[in-house]
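Right after this note come the structures.
The following pair of complexes shares a single chain, chain A, combined with chain B in the former and chain C in the latter.
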Partner chain A sequence: MPENSNHISEQPVNVEKIKQILDVNNGARVRTWLNICASCGLCAESCFFYLAKDKDPKVSPAYKFKTTLGEMYKKKGNVDREFLKKCYDILWGECTTCKRCSMYCPFGIDIATMISTARTVCWSQGVFPEGLARTLTNYRETGNQMGTSKEDFIETCEWMAEEFEDEIKGITIPIDRPGAKYMYTVNPREPVYYPQDLGMAAQIFTVAGEDWTMPSSGWDCTNLPMFAGDRALAGEVVRRMYDKALELGAEKILITECGHAYRSAAFEGPYLAGYPDGKPPIEIVHSVQLLYQYLRDGRISIDPDKRIEEPVTYQDPCNVSRNGGLWEEGRKIIEYLAKDFRDMSPNREHNHCCGGGGGFIPMGSEFKSRRMVSGKIKAEQIKATGAKIVITPCHNCFDQITDLNEEYDLGVKVSSLKEIICEQMIIPDHLKPE
Partner chain B sequence: MYKFYEILTGPGLWIAFIVFIGGLILRLTYLFALSREKDKVFYNHMSLSWGLRSIGHWLIPLGSASMRNQPVFGLVFYVFHICLLGVPIFLCAHNVLWDEAFGISLWSMPDKWADVLTVVFMGTVVFLFIRRLARPEVRILTSFWDYFLLVLTLLPFLTGFLAYHQWGPYEIVLILHIFSAEILLIVIPFSKLGHVILFFFTRAFIGFEMGGRRKARAW
Partner chain C sequence: MPTVEFEGNTFNIDEDGFIDDFNNWSEAWVRHVKTTEGIEELTDEHWKVIKVLQDYYKKNGIAPMVRILSKVTGFKLKYIYELFPSGPGKGACKMAGLPKPTGCV
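Here is the complex of A and B:
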């Protein structure tokens, strides 16, 4: 029990509010799912939490949704704080909403969606991880999860453009340029902790001759309120991004190498932001798609002498592969970059979550030890490939595998696609500084 | 005793079939109306091919990764369903009754086959029952109702088998046979056994959700 999460309010439970949330979500799907689950248990082995916790039956997906959302409906919302605290443990500590179990369920019961609904119920009573709570304040006040000011963001972009002037002539990071083909959105982790990520993106776009811009607001494509259960704020966050792109007249929104940002922008965001047809108002493109196109179409060429000799594996982020349908792009990119590619098993849409998704990484130290336990499956998968380099187009996977690397002594280097492409791409003569 | 038999095969049978079919229609209509209001996501990403593929991979033996993870269960589960549907529909004795009552009948299988398939079916029920008890992740999810429904599904087959071989008190066994089958039919629309029809909708939905929307497979 997370005794130390002092923000969990001790107020009496607002049953009316819970009833309201349950009622809004009590559609044909939820009713059917809760009723027809045949308790066959097939979902259990699809869940990496279950596998990592020595097949503890209480960690099977069916048990998790039955004891959380199932109970809430059974009790018609009349639950107490003790119950909500128990739910807290399950909803955030034992599920990353990776959606793998719904593929393994004979009925295709969408357990992740039910877990998300239960998270919303808990959030409405102030029961949710403190790490996420902090980011919600930032989103509300500054429009991004780390509370970066507009000035700081623009300054970082300018700094990065200057930083790489010596390598690529005329490199810029355009801000708010109207009518660009791509409005590039990032994870605040990039400007704040890894500004070179912005520089790398700028290098690639410059070499590819891309028509792009960064927005001065709505540049944060992450959506942690979506994982915290705060659907109104989640909608607002994604709407800011859509609106900015529409205002700038951008043709498409490009998402950085981040998994859940793609899930938010392309799939869940439209509903959260109130688009009744469930489709984003503007086309959403993930970095793996664009980077692959660059290589395929020869807009970026790789120096064959720089291709990686060491064994390489690819971590499919849940929200890019299984929940994004983009599992081939990353593999095709790696064909250009590395000589010895070794896939994990299982892979593609069947790959296991790294254990850092669903808000787990930003949930902070309270959850770190759990992350290391549940990451066991990923660590074993990586170890079995014998790879020395793990490439992943997702910041959460990156951080989680970096932590697992230390915890399980994997001896690997974790990398984004951008980083390797930057190391290996040929700078055309006209872009070489004199 | 005969009077009881007459009630069960007369009005009893009518009631059972009407409740079975009417109940399923009622449940579907209710869910359909509700979904138009609250499940727009079901309709927004509809895709015939993704829906059919999502269903199809669960209709063929070991057609999904999940089944292949537990191949023995996967096959038993498959045989269970085939026998459950096939034996009563294609049983000669049942078709004779249809023929007598309405002058219509389907192809019927030789009695020998039906006999073997019934034994196989009862074997699969025993397997499923033991699996529920033996595997902790299944046991923890299983309620009394799950065991009850499994036994209820077994009863018409067990009594049919005994009646065919004329083992035990024939009349009582036959009455139990008809009675348990009628109860089963009546229970189907209002229990998790509604998956007889709802399976197609939930599986189609995850096909739409993963495929229609994300071009990703869901099996």
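Here is the complex of A and C:
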């Protein structure tokens, strides 16, 4: 980590606080995991950091959790700041908590969860990436990671509906409509920097005749405090979204094409927000599920002449596929959209992280070159397919593969699912502009 | 910190290729970024976008959302993309000397 990172507190370490985290956060479970690790090494081969760094044992998952969280337990929380700074580079710079190692461990040790716990310890002492710190301030002050005001968000929705009137007659983006089937939640990058994403979603929902709304608050489904280690704020962020959906009487929450938002809303969020049974108070649906249903049920029809001829591959976002169980939906959607689909190897739940997950992209420039080094495995996987288009339903995968494309000269175009669906779907006559 | 040499100037840049400090921005920087952003010729419209981004940044300390950029310049979204193929968040901000935007972007 950089020597002069002014955001990193130089205060003495608060050992009591660290102890609390180690004891409260399922201390018994973690101690068991630390004890039963047989150093078999199977986790090493599963890790893309390890593979990308010529099998350096120092980046094997077992080494990473033993030298961070393991030491914290061994020393009963009595660690110094130098130690925490070393942890910083390992916990954020050498792990995306993609959970591939957790799946490959023969003892079922959830290594990614241990890394997350160690992140919480570091966060509690002010040691965490500045890029994430900036978003935490925004979440706290405005309820979303980019600090967008309610007025600006609503105005962007209205603007997008206006701009897309040329494509679809009567297109609207309803706000706070009570009792809708789906409350659609997005990543702030969409209203702020890629507003066309909102327009494309609105086009698809209009053609499908969907009963949907966007909320005026709680619309940010991302959860970067979850990756920064700030569990209290992570809980607050996800609770705002649940509460808004309950207030509006929505039937389900629909998550945009974002990976970690699904992990947060469907799996980690309930615990973070204080639902002890681990179940969200309202059904969570990822975009890949709904888009597939539209095509399967004929609510969206594809113009056969527009199907893609060039070879296409699919990037499984870790938090949609491996950690979300939704690896078939994306592939089934692509069957409708492309003629020449070529899967990466390995794929589905076994797929490698792109190298942009776990907070890596928003961690900012400080981590860019590390992202490019560890992304080598993904670049090689993509190259081996010969694909010209990489489709992925995750913004961080999108950005990381866009960067890898440049770094490794892959010659691909990266796309979301909705972008291609919008290019190919048939607009029914009654929705065609006059 | 990496540096880039262009037209006799030396710019300090971050790992994403954004200029290290807004105060070190100059027109030569714009011509440098143009070469990496796939922009053939810099027009008055490009300069208008750059100026709006800079004015907003000086006042608010962050980049404006695209809605504000469109409203102030009077350019439609599609036209902004024609001007800056890598998008307003990345290409245009980089040219204007703003830091890389915060968050998932």
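The definition used in the following text is that the second predicted complex is superposed on the first by the 430 of 434 C-alpha atoms of A that agree within 3 Å, B and C clash if a C-alpha of one lies under 4 Å from a C-alpha of the other, contacts with A are read in each partner's own complex, and residues count from 1 in each chain.
We take it that contacts are C-beta pairs under 8 Å (C-beta built on N, C-alpha and C of every residue); 3 or more make two chains touch, one makes a residue touch a chain.
Since the model is a prediction, treat every value here as computed from it, not as a measurement.
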Put chain B and chain C onto chain A via the superposition and say whether they clash or fit. fit
Angle at chain A, chain B to chain C, CA centres, as a multiple of 10°? 140
Looking at A:110 after the superposition, I want to know if it touches chain B, chain C, both of them or none. Which is it: first, second, both, neither? first
Could you say whether A:172 touches chain B, chain C, both of them, or neither, answering first, second, both or neither? neither
Regarding the shared-chain residue A:195, is it in contact with chain B (first), chain C (second), both, or neither? second
May I ask you to decide whether A:217 touches chain B, chain C, both, or neither, giving the answer as first, second, both or neither? neither
Chosen between chain B and chain C, the partner touching more chain A residues is B
Touched partner set for A:293, first chain B, second chain C, both or neither: neither
Which partner does A:405 reach: the first (chain B), the second (chain C), both, or neither? neither
Tell me the contact category for A:362 with respect to chain B and chain C: first, second, both or neither. second
After fitting on chain A: smallest Cα gap, chain B-chain C, Å: 25
Give me the intersection of chain A's contacts with chain B and its contacts with chain C, in residue numbers. none
What residues on chain A touch chain B, complex-wise? 24-29, 31-33, 35-42, 44-46, 50, 55, 57-58, 60, 62-63, 66, 99, 102-110, 266-267, 271, 276-279, 321-325, 327, 346, 349-350
For a test of understanding, state which residues of chain C touch chain A in their complex under the given definition. 14-16, 18, 62, 65-68, 70, 76-78, 87-90, 100-105
Listed in rising order, chain B residues that touch chain A in their complex are 31-32, 34-35, 37-42, 44-45, 54, 58, 64-67, 69-70, 73, 77, 132, 135-143, 146, 192, 194-195, 198-199, 201-203, 205-207, 209-210, 213-219
Residues on chain A engaged by chain C in the complex (per definition of touch): 131, 134-135, 138, 145-148, 152, 155-156, 159, 163, 187-189, 191-196, 222, 224, 258, 361-362, 364-369, 395-396, 399
